[in-house]
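Both complexes below contain chain A, partnered by chain B and then by chain C.
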Partner chain A sequence: MSAPAASIGRPRAGVADSLGTWARNNAWTLGLLGFLVVLLLFTKYVNHNYSLVSLANTATAVVPLALAAVAQAVVVISGGIDLSISSQMALTSCVAATMMAAYPGEVTAVAIVIGVLMLGMVLGAVNGALVVMTRVPDIIVTLATYFVWAGFALLVRAAPGGSAAKWLKDLVVGSLGIDVVPKAAVVLVVIVAVIWIPLSRSRLGLSLYAVGSNRLAAFRSGVAVNRTKFMSYVITGLLAAFAGLSLTASTGIGTPVPEPTYVLISIGAVVLGGVSLAGGTGGVFGPLVAVVVLQLIRDDMTFMQVDSNYGLVAQGFILIGVLMAGSLIQMRRSRA
Partner chain B sequence: MTLTATDLLLEATDVSKTYGAVVALHHASLSVRPGEVHALMGANGAGKSTLVKILTGAVSPDTGRIVVRGRERISHSPADARRNGLVSVYQEPAVIPDLDIRDNLRLTATPVEPFRHWLSELGLEKLNLSSLARRLPLASLRIIDLARALALQPDVLLLDEITAALPANLTERVLQAVQQQGADRSVIFISHRLIEIAAVCDRATVLRNGETVGVVEVTAGSEDKIVDLMLGEGAAALGEHAPSGTSTVDRSAQVPRVSARALSDGRRLRDATFDLYAGEVLGVVALEGQGQDELFGLLSGAARPAAGTLQVDGRAVTWRHPADAIRNGIVFIAADRAEALLMQRSVRENIALPSSARITHWGWINLRREGQKVDQAVATLQIDARAGSEVRRLSGGNQQKVTIARWVASGVKTMLCFDPTRGIDIGTKNQIYVLLRDLAAAGTAILLYTSELKEIQLACDRVVVIFGGQVVAEMAAAGADEAALLRAAHNLKPGAALPEEVVAASAGEKTAVEGAIGEAPAAPAPQP
Partner chain C sequence: MTAATGTVNERAWLRPAAWRNLLRDYPLIPLTILLVLLVIVIQITQPGTVNAGWAAVNVRQAAVLAILAGCQTLTMLTGGIDLSVAYVASMSGFVTATFVHQPGGWVLGIGVALAAAALAGLVNGIGIGVFRVHPLIMTLGMGLIVFGFSNVWQLQNVQTGTGVPSELRTLGTGLAGDLVPYNLVVFVPIAILLILLLRRTGFGRMLYAVGDNPVAARLSGVRSWQVVVLLYVISALLAAIAGLLQSGLSNISSVTLVVPYLLPSVAAAVIGGTSIVGGRGGYAGTIVGALILTVLTGYLSIILPEPWREIVFGSIVVLVAAAYTRVTAEA
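Now for the complex of A and B:
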């Protein structure tokens, strides 16, 4: 994170030195990028029509999942986990679509979007408060709230429906100027950059890593451990609300039934993206790349007309294989 | 001591803390003058760590007053203590492993330049601040933690076993830095090494059973006074107990059951060398964290040694798994019964488990044969098995007997007992001593680590003392009264020279640590 600043205090250290340190600290993400390149080449090999435009389409398709993965990454970095992300998405998406149908108007939609983002933070705050105050394990708390939020979503609307403001849909549909720059991906990058970059440079961001890495050492270093855990869930809730809004924007409606695969794939992407489930390591760039990797694998299977059931099996094995290779490399490095 | 309270930098009075029925601190007090290095001493369980936790805000006292620079201040968290001018450095460094050093400094709002100054004072000037903490050796992390605390310029710096397992050259620098604190700042220094106390401390406060029993001006020869205070008046009387362990083993005539030579785990344990013979109980005595946990881990197959050799019945062995040790007839009995027992299952199942659960016993369990074995073991050990249907309903003492009984039933020849009587009532304790003696008389070899020094004379034939990861003394149980053991455990030999061998042993680490401190040269940068 602070790698670019590495040479400031050490004028003798060259650029090569700090680049080397950066490469070492981000080896996993670099490896994953390499894997993505190989995967793209493979995709081009099996599908000669695959082009930059197809890649742009892939990028558009993964936006809700990518936001879910970033949301999951924040809480996992601080040593927790959130199983309720997909139902947070369903609830925020339903609220947004229902409100926009009830109170049409492009300007009111702005207020609705802001309200829905605040709702996401409230959902996260409830998760965080329960985890911190009850000391019930986070996996249990968020499994329970998964059902609670899903129930609320069905109360908001019993069947898919509602509508989305035009500007909201325009935000994620189509491309920016040229075909190869999809709007949705730009919006994704802007959201993540606006939330993550200031966060990772703040004391709160540092505390997230500290608490996830070693709770006792963080406590002894003067970090407010409980407040940090609470805030990690609030930020996750905010990002989940963005993910829910992106669902509404891309489909134009709200769907009350949460898509359970979002939780599992978000966790898979987080781990594949170099965030340890034990907490304390990684960032959000890796999980973003991992989401694209997982989507490409699925696209390739579809194109190669692999039976979708076999496709699921293959995806699972690829995930395990990549993770095993990664941990083997890390084990050998730490021994050397 | 004509100083009034306002002249003191820190004054804690009447501090009490109870955990349930256990009194950890009972009206303890501590007063630190400006500019002094003040030692806090006490045997295991004397209340040292509780007092440290209260001063640093990790726990709140039940009663008591803490005054820092004339103002009453009770800290409610380490962050709070920091604001009150109290910073501590622990044996386990409070450095976040997944952050680089620069971010670790940011986390504690430590200014970088003073930190660098102290780093070079402490001999770590080559450190690269962008290296991840987890890639640095433990010794460097300790130094970093200390330099960070020094850079914050706290009123009171609390050092908890900072020199433990540090190489000699670094230890020297640390002690120098401790003494360099200005006339305005003080250090509270906790160490098991009396030699260091004598070298750097001005005064020492001694705790015993949660009470402050004395404040000693540290001068040449005050070590014995400190040890006497730690022991209390009862110490001399206890030595008169006739040892029940009488060695009938002719050790020269036989091959040792277990023979350890220069065993090391690469970290805490440096050089454990001793022999354990069939038919004897060999005691192990050590202060906390001297490598005894690691020694038992190596002997029981839970970890692999970094160096040294281990022989069983004269054959060299290497173990990958506790099952290998068990196959060689060596079993580990832990202090924590919950680690060893299936709490919801019956006494019978628990006792039969090791002999029935082997993979080679695939298939039906011969219940009748199992029953005979179990009944025999229950009878031998006088286990009160009335509540036998679930082990968790038994008393702690009876539970511990079950953990021993299961190995008696499966005919084990060597037992490694790690503080087996911890938290057990006195009556059952005595039964366990008798049991261990009986087992030894029947030819079992028993290694017994205990944190209660008087157990040595009650149960053992011989005793070895570990200090700084090394066996530093061996004596017959008859001569091992509490005073002698405590002196040996602090590596204090009456009339002997300073414990140079410990310092010398640490020096071996010097090159390894220095090599790693600057961090290996960065990986080759990608060529543009």
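Now for the complex of A and C:
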């Protein structure tokens, strides 16, 4: 209550004040970054050979999952959920690999990439239209379209195969200049920044948060609720197509079988990244950090020569533990 | 005017509202009609498919799916969901199989499996009921944990060797007189118990109350965390039983055996009329939903190649769910 009053009394807030506000608003992401730093120190402790180059390799490995998590974050912020992300990725990846094998050429590949991105938006639009028109809960609609997109992926390719243009593969392999800046991470950050930063500052971005936090209130304030929900799925579809393309780029082929862990880990990373499943809070950078954290935990298990399956166990425990701690803090705060 | 009113009353059954109420209050009727229509379509397009043996095989598979869908029905009634069932079920079948060549045998194996499942369910329940973690994410994390531990267990038991106990194989695959699946011995009591639990017991009514209006339930004195903890333990135990039946049915012990049935188990509960937002539904509908899905999957696998099968399967799930939402939206 006092914050608005203070800003009225002093129209130009000091740098320290606005930094404080920014830190409060991004407390969860900052906490997660702190956790990441601790985890990195721990990684260095268990594996003395761990260097910036290894960190770059970790970053390269997580690109598809990171894009999937960002895609999931957009729709979760607006109060929905998308279980079909992994089969959207499989379908777009298969279409890209098949088309690039059928029409080779570095320049035609550009057209194919644009076409695949538009296909992703169409898939998202179908999800969104079904959610808005049938009023069936999001989780059921996208559960059903999970099967539909997986079926189409199998129609496109009966078996893994196809090829990828050279420039597409070069985008995610190797590093820029010195060895410590992986190209994949740069591409990832550029894609997310180009889509998310303008979006979050636009009217649509504000509507996403409004609809996610209170649908009825958003409706009464004149937000076009249905159009916003629809658009959230379109953007998710676009980002899922980027994720599918990154799969094709890193493997050089298209695989028609969706990887179910992408859905599960993307939802986990979104929540760990500070986006409430109830909608209306968080951003996309928290989930990005969360994906790296989850990957690093598995890497550490490998370094410590623990059976890699304990990596899954650890991921599960971290996911649950962090959430329990988060809700404990929230409960204490609301009691106080 | 009087004549007109009389006509309206006589033709009350023609009013859409009457149909809507019928569908909302007795979802079993349209579901059974749907199942019968499906069987008729199969008989017309594939003459000779429908016979007693075909029915027995379908019922045998549907029983396993229906138990898994029971986990989803119970948890969905409270507005939750249990995504750990697939891994808990696979774990249960696998753990039992690893005990076959050990002292104690498969009986001890089943005991260990059920205890592990109950523990997973207990942690789920505490996370959701006490710490208020979202059910989706809690059971998802628990699924990862159970899957990880199952893999570890698998590596530690590479030397000892595994095998599905012959008793489980008989229970899972056997058909009495080539007609009645033995696994009904397990399924029928579970079905009766669940239906009675939901309709006749205080615990059952509390599930509906917590799902329909958590605040009202709390103000009426329901200790919702206790309800939720017990609920998820029951759900995990049901999943473990389903896993035992499935490993017997397919004669495979694998840590991912039941994973393909996770999404169908949610779909069966939804088709059966249970609302994912809580407070509405029942187990009888879920059983018919599981039957419909099993028969449909079998039929589609005959007439369509796999890609189209998945496309049609998904479309039907969304259509049925949309029909329900339309019918139950405004009364």
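Here are some notes:
Throughout what follows, the second predicted complex is superposed on the first by the 317 of 336 C-alpha atoms of A that agree within 3 Å, B and C clash if a C-alpha of one lies under 4 Å from a C-alpha of the other, contacts with A are read in each partner's own complex, and residues count from 1 in each chain.
Assume a residue touches a chain if its C-beta (ideal position, glycine included) is under 8 Å from a C-beta of that chain, and two chains touch if they have at least 3 such contacts.
Since the structure is predicted, the reported quantities are computational estimates derived from the model, not experimental observations.
After overlaying the two complexes on the shared chain, residue contacts for A:Thr145 are found with chain C alone; chain B is out of touch.
Once chain A of one complex is fitted onto chain A of the other, the partner contacts of A:Ser221 are limited to chain B, with no touch recorded for chain C.
Of the two partner chains placed around the shared chain by superposition, chain B is the only one that A:Asp17 touches, whereas chain C remains out of contact. Touch criterion not met for A:Val186: it reaches neither chain B nor chain C.
Of the two partner chains, chain B is the only one that A:Gly212 touches; chain C does not reach it.
Of the two partner chains placed by superposition, A:Leu199 touches none, neither chain B nor chain C. Shared-chain residue A:Thr281: touches chain B; no touch with chain C.
No residue of chain A is contacted both by chain B in one complex and by chain C in the other. Chain C meets chain A in the complex at residues 81, 83, 127, 131-134, 136-138, 140-145, 147-149, 151-152, 155, 259, 263, 266-267, 270, 276-277, 306-315, 317-318, 321-322, 324-326, 329. Considering their complex, residues 1-3, 5-6, 9-10, 13, 15-21, 23-25, 203, 206-207, 209-210, 212-214, 216-224, 280-281 of chain A touch chain B. Here chain B touches chain A in the complex through residues 56, 58, 77-79, 82, 88, 90, 92-100, 102-104, 106-108, 112, 116, 128-132, 522-526, going by the rule given at the top.
Per the touch definition, chain A reaches chain C in the complex via residues 81, 130, 134-137, 139-141, 143-148, 150-155, 260, 264, 267-268, 271, 277-278, 307, 309-317, 319-320, 323-324, 327-328, 331.
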